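Chain nomenclature is as follows: A, B, C and D, assigned in order of appearance, with residue numbering initiated at 1 for each chain independently.
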Amino acid sequence: MLSVNRVSKFYRVGTFGGKEMTAVRDVSFDVDTGEVVSLIGESGSGKTTIGKMILKLIDISQGSISLDGADISAIRGSGIKSYYSHVQGVFQDPFSSYNPIFKADRVFGLIRNEYFAGIATSEWNDKVDAAVRSVALDPGQVLNKYPHQLSGGQLQRLLVARALLLDIKILVADEIISMLDASTRIDVLNLLADLKSRGLGILFITHDLSLGNYISEKTVILRRGSVVEMGATEKVFGNPTHPYTRMLVSSVPQLHKKWADVEADLGAPIAGRGGCLFHEAFPLAGRAGLYLPDDPIMVEIEDDHFVGCFELESEKAPGLVA
Amino acid sequence: MSLQVSDLRVYYRTLAGDVKALDGATFSIADKEIMGLAGESGCGKSTLGNSLIRLDGRMKYVAGSVTLDGNALPIWDNTGMNEFRFRDLSVIPQYAMSAMNPTRKIGKMTGELLESRGENFAAIKPELLRRIDLVGLQRDVLNLYPMELSGGMKQRMVMVISTLLDPSLLIADEITSALDVSTQRAVAETLVSFRDHGFVKSMIVITHDVSILYQIADTILIMYAGKLAEKASTSAIINRPLHPYTRMLVSSLPEVGVRYADKKLSGIPGSPPSLLKPPTGCRFRARCPLAFDKCAEEPPFVEVDTDHWVACWKATGTDA
Amino acid sequence: MSGPASTDPRMESVSGSVDIDKEATAVPAKKAGGEFLYFALRSRKFLFATAILLVLVGFAIFGPMIDTTDPMDTNGVQMSSPTMDAGNWFGTTILGEDVFAQFVNGLRATFFVGLLAGALAAFIGMAIGFTAGYKGGWVDEVLNMITNVVLVLPTLAVLIVISSYLKARGVLFEAVFVGLFSWPWVARAIRAQTFTLRSRDFIDLAKLSGRGTWKIIIQEIAPNMSSYLFMVFILLFGGAILFAASLDFIGLGPTGGMSLGLMMFNSVTYGAALTLGLWWWFIPPGLGIMAIVGALYVMNVGLDEIFNPKLRDI
Amino acid sequence: MRRYFGRKLLTYSITFFVAATIDWMIPRFMPGDPVASLVAKQAGLSSAGATALVQYYNDLFGFQKPIIVQFFDFWAKLLQGDLGLSVYGHGRPVVESIMGALPFTLALLVPAILLSWWAGNSFGAMAARRKWMDNAVLPIGYILTATPYMWLGIVLAFVLGFSLRIFPMSGGYGFNLEPTLSWEFFTDLVAHWIMPFASLFLVMFGGWAIGMRNMVIYELESDYSRYLEALGAPQGLVRKYAFRNAMLPQITGLALQLGVIIGGQLVTEIVFAYPGIGSLLFNAIKSEDYFLLQGIFLFIIIGTLVANFMVDVAYVIVDPRTRVGMRGGTA
């Protein structure tokens, strides 16, 4: 349904755009109906940039993103509005997602102004009520309040409800629970997972492996703008192969396993020339720093489990593969 | 016993009245103990940490006493506390990234700070350099301005500065929350190594992330709505929690390996009470599935097992 | 050009939104307007400044009605010191004009110039600041360059050159020109604020709701800065009054009208008030300007304390 | 570093170009015929005389030539330092008139700026420290900064000059004296200098004091101050850091205020008939000496740009962060 195809994003930095910075490099993945795809990365991995490109909040420098086969970069003018009726987003900071000087349900009001201008007020109120109930909130408790009168969890649910007012196919959820308290975040996470049954495709952007692991069917792991490992969630977590993935898995604090034990369980890194499977398969390719532009350097090590070449990367950024 | 806190109450002055952010805390920390302090935002954990080191303008000391290594700390007296700060108790603040003067070279700032406390910078410098090595920074950082360091580097530098005089107690306030997982682990392990090297005797690690505490803390203190809920060894808190809040909190945390499809976790319904006019009795009562009549009375924070303290009528037994 | 506050970086950094410590968020919510009134009525600075301004505005509005003497009428007693009985409450000038009549009429012109010039400068500053901050990129580069150029220009000198070629100048002309050259620091400050607001998620959400650029600026960004914009306007108001007074004093003020600056100009240059000791001629206009501008600045500080909870108990 | 100053110099070049172009444009594009209105002012001219005068002015401005040629002529002369002749100065070159006035202006302006900046910052910082100082400095500061420059000058002249006769009320030095290197001339110079200096100094002082007070309070609330206090640093160190950091925006503030300060200088000179650029400008306006006016305007522009540049340099020297940023450091 949503297809991200070899997308890159370059930023011009410096006063007159003298330097160029790559935020996202050659990233491809799909989000299908009824599935949650986790986009996992640390700060600077480009995960939020990808989300914003999907939401057409920033332009794509290279490659394409398409929804049901149609390139979204080509959508302009009034088409943007109808695109947003299919693709919506929820962001990290619930308090920054609401204009603090207005009531929280203004987020619904904007949708009504732009998409349901002709609808009768009673019909609209019913629609809002239904959407609010579908995210397990009591309309009487949350409507007609200012954002600071509601909890972070309630605010994020309201944003999900806002998206549900439209006929959405894709929801981009960018770190939507990282600022919530532990006791409420799991419920918002469960809500996302429940949306799958409505036929939504969800891109779940997070830095937290355990959250991605909890709800997603597919996992994409990003490092410095490039995909290092991706595939079915149980395969990526069951058999983490890229050194970066392994480092992440061994660093994430767990509740019943100490860091040292996790490392012991992971075992020794895969042997070979720096452990890079691509180089084992194509020994000559990397030697001259060869980058094959027509052929993304991802190796399918088992069915639906891809690993990126990290030897080429480490040549570009020495010393960063810890 | 390194630190003993007894019935400490610190309120926030607001226009609407006093917010009872810390409403009676009694606990102690042993030598060599790393105590994790966890709870939801607004539960008073940062208030507790701040009140031990420095009350800011809006915080009001109400009651209670704090004893560190046998000395009573005058925490209501900003100037009186100065002689204890840095030498006996120190802090790695939440704002560690912006804690260093942006217009001073780090080495110069450190020197001026030490000299202002009557220490001899030249005598301490070799140790400073050793510790900079230990946390994996270049010695050259002393000649740099804070803005030349990355966030993680600044954090480590502040960790070194704060512990330079080998304080007895170190308070680390939410220092891992803004970091990436890989850096988070490094910082957390550095804290442990500080204790192991004897740079600090004991430590309070404040965080909302219980799984970090599982990795590094010896004991965990759980707070809820300005009150202490439970304190016990880390393994007891994670594996055999007694307070319903702790139990629900721990079981709501997803872990690598737990999947929605296999095991659907659930959170705690409801939200914490306002601390402006907190409810009487057990403050968790409204959200607690086990609540019963007795909970209208405030449960005492008592030791139900060796070093396992809890404030819940169900855990202490109704007839107790 | 503003007075003290343009050197105060808080004017560039204070955001209209309220941030309260997470630990103490339990403060009961009040409606924004009610909260403003609550603190405004308790701010001594704000009330004091408002009182002074109201008195002066009262003089400007009702003064010319009570004392209907033509301020340019030269038929009175010459150089009379202030007397109660002759009706020359503030005395007369060397030509026998009534100083009180000149003062109240001059106040009118001064308020008019300040309001209009302040409003114009605020408008230009907002338009440029919002556009530069929201659009970013090359639009920002160009607008920034324009702002910096006007900022560096010594405004009074520019106005002197322009004015000196014009033979007939009205109060309106003066206000427009003062306004046209007073906006750069406003544009800068608003640009910086817009820049931070632009990255807030609610802006992105408004875009995702299909809102257009100007609707977002006017309905999402500007209301968030309303208190700040009001404070900016107050500073511009005061700055414009000082500015216009300087222009008047060089002899480039409105022709055929009366203003406080013009009174000072006349008293010193034509009236030899200094050498003759006609203190009642030049004291009122200067004191009037000082009171208006001072009250505006103090009001600005009061408002800052009202809007910014961090400053309330200092 | 080069980039930073390159950018600044570009801004200044554009500013100069714009200002000079305004200077050139005004007499040419103003509504009405400036030459006709100039000539009309000369009362009692015969019609032949008027025609000749019109001819003379048109030649001077070069109004007959195509507009673009006028523009290039203007710049060619400008770059040669030829600003024309001054009518007010009885045919003296404009540059000469300005150079004669410049020392007086600088002698007033430079000490007033530097001393008020220093004193204002010191008092402002003290006000942030002690409540009673704050209660005194704040109202005085607001009153001073709200005072029109010329009015403070007038009041000083009236009280100290007219009533008490302590200082002379006008001029740069006594009418009876010739500029010589004598002690007598020097004391007379100083006596004439004090009042205009004092009025400039006082108004500026108020602004700096308030700005500094607010900045220090702001810095005392910042994270680095809190950290120092949490580690038990004495107030002395905390204040020292806050004061130093609060100075930096005050330097930027100096650049922002230059336009206002120069305006204040002009009107103050007029009040005291102090023989600097301001009085020259005033006379140029009164006698409609347009070449002198244009010349003074360009001088003021150049002076402002030079002063701005000096502030830029000072800022880079004082704030280590700008240097680090320019070094292309990490972060």
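Methods note: a residue touches a chain if its C-beta (ideal position, glycine included) is under 8 Å from a C-beta of that chain, and two chains touch if they have at least 3 such contacts.
These figures come from a predicted structure and were not determined experimentally.
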Most central chain, judged by mean Cα position vs. mean of all protein Cα atoms, is C
Comparing the two chain pairs, does B-D have more C-beta contacts than A-B, or is it the other way round?
A-B
Just how far, in Å, is the C-alpha centre of subunit B from the one of subunit A?
32
Indicate the whole-number Å distance between the mean C-alpha point of subunit B and the mean C-alpha point of subunit D.
56
Taking each chain's centre as the mean position of its Cα atoms, how many Å separate subunit C from subunit D?
21
Can you check how far apart subunit B and subunit C are, centre to centre, with Cα atoms defining each centre and the answer in Å?
50
Enumerate the residues of subunit D that touch no fewer than two other chains.
none
Two or more other chains are touched by the subunit C residues 25
The residues of subunit D that touch subunit B in their complex are 222-224, 226-234, 236-237, 241, 244-245, 248, 319-321, 324-325, 329-331
Contact footprint of subunit C on subunit A as seen in their complex:
16, 52, 55, 57, 80-81, 84, 88-89, 91-93, 96-102, 107, 110-111, 113-115, 146, 148-149, 159, 162
Footprint of subunit C on subunit D - complex, ascending
10-12, 14-15, 18-19, 22-23, 26-27, 30, 32, 34, 37, 141-143, 145-152, 154-155, 157-158, 161-163, 169, 206-208, 210-211, 214-215, 217-218, 221, 249-250, 252-254, 256-260, 262-264, 266-267, 270-271, 281-282, 285-286, 288, 290, 293-294, 296-297, 300-301, 304-305, 308
Subunit C residues within the subunit D interface of the complex:
1, 3-10, 145, 148-149, 151-158, 160-162, 164-167, 185, 238, 242-243, 245-246, 249-252, 261, 264, 267-269, 274-275, 277, 279, 282-283, 285-286, 289-294, 296-298, 301, 310, 314
Okay, in this complex, where on subunit A does subunit B touch?
42-43, 151, 153, 181-187, 189-190, 193, 207-211, 213-215, 233-234, 237, 247-249, 251-256, 258-259, 322
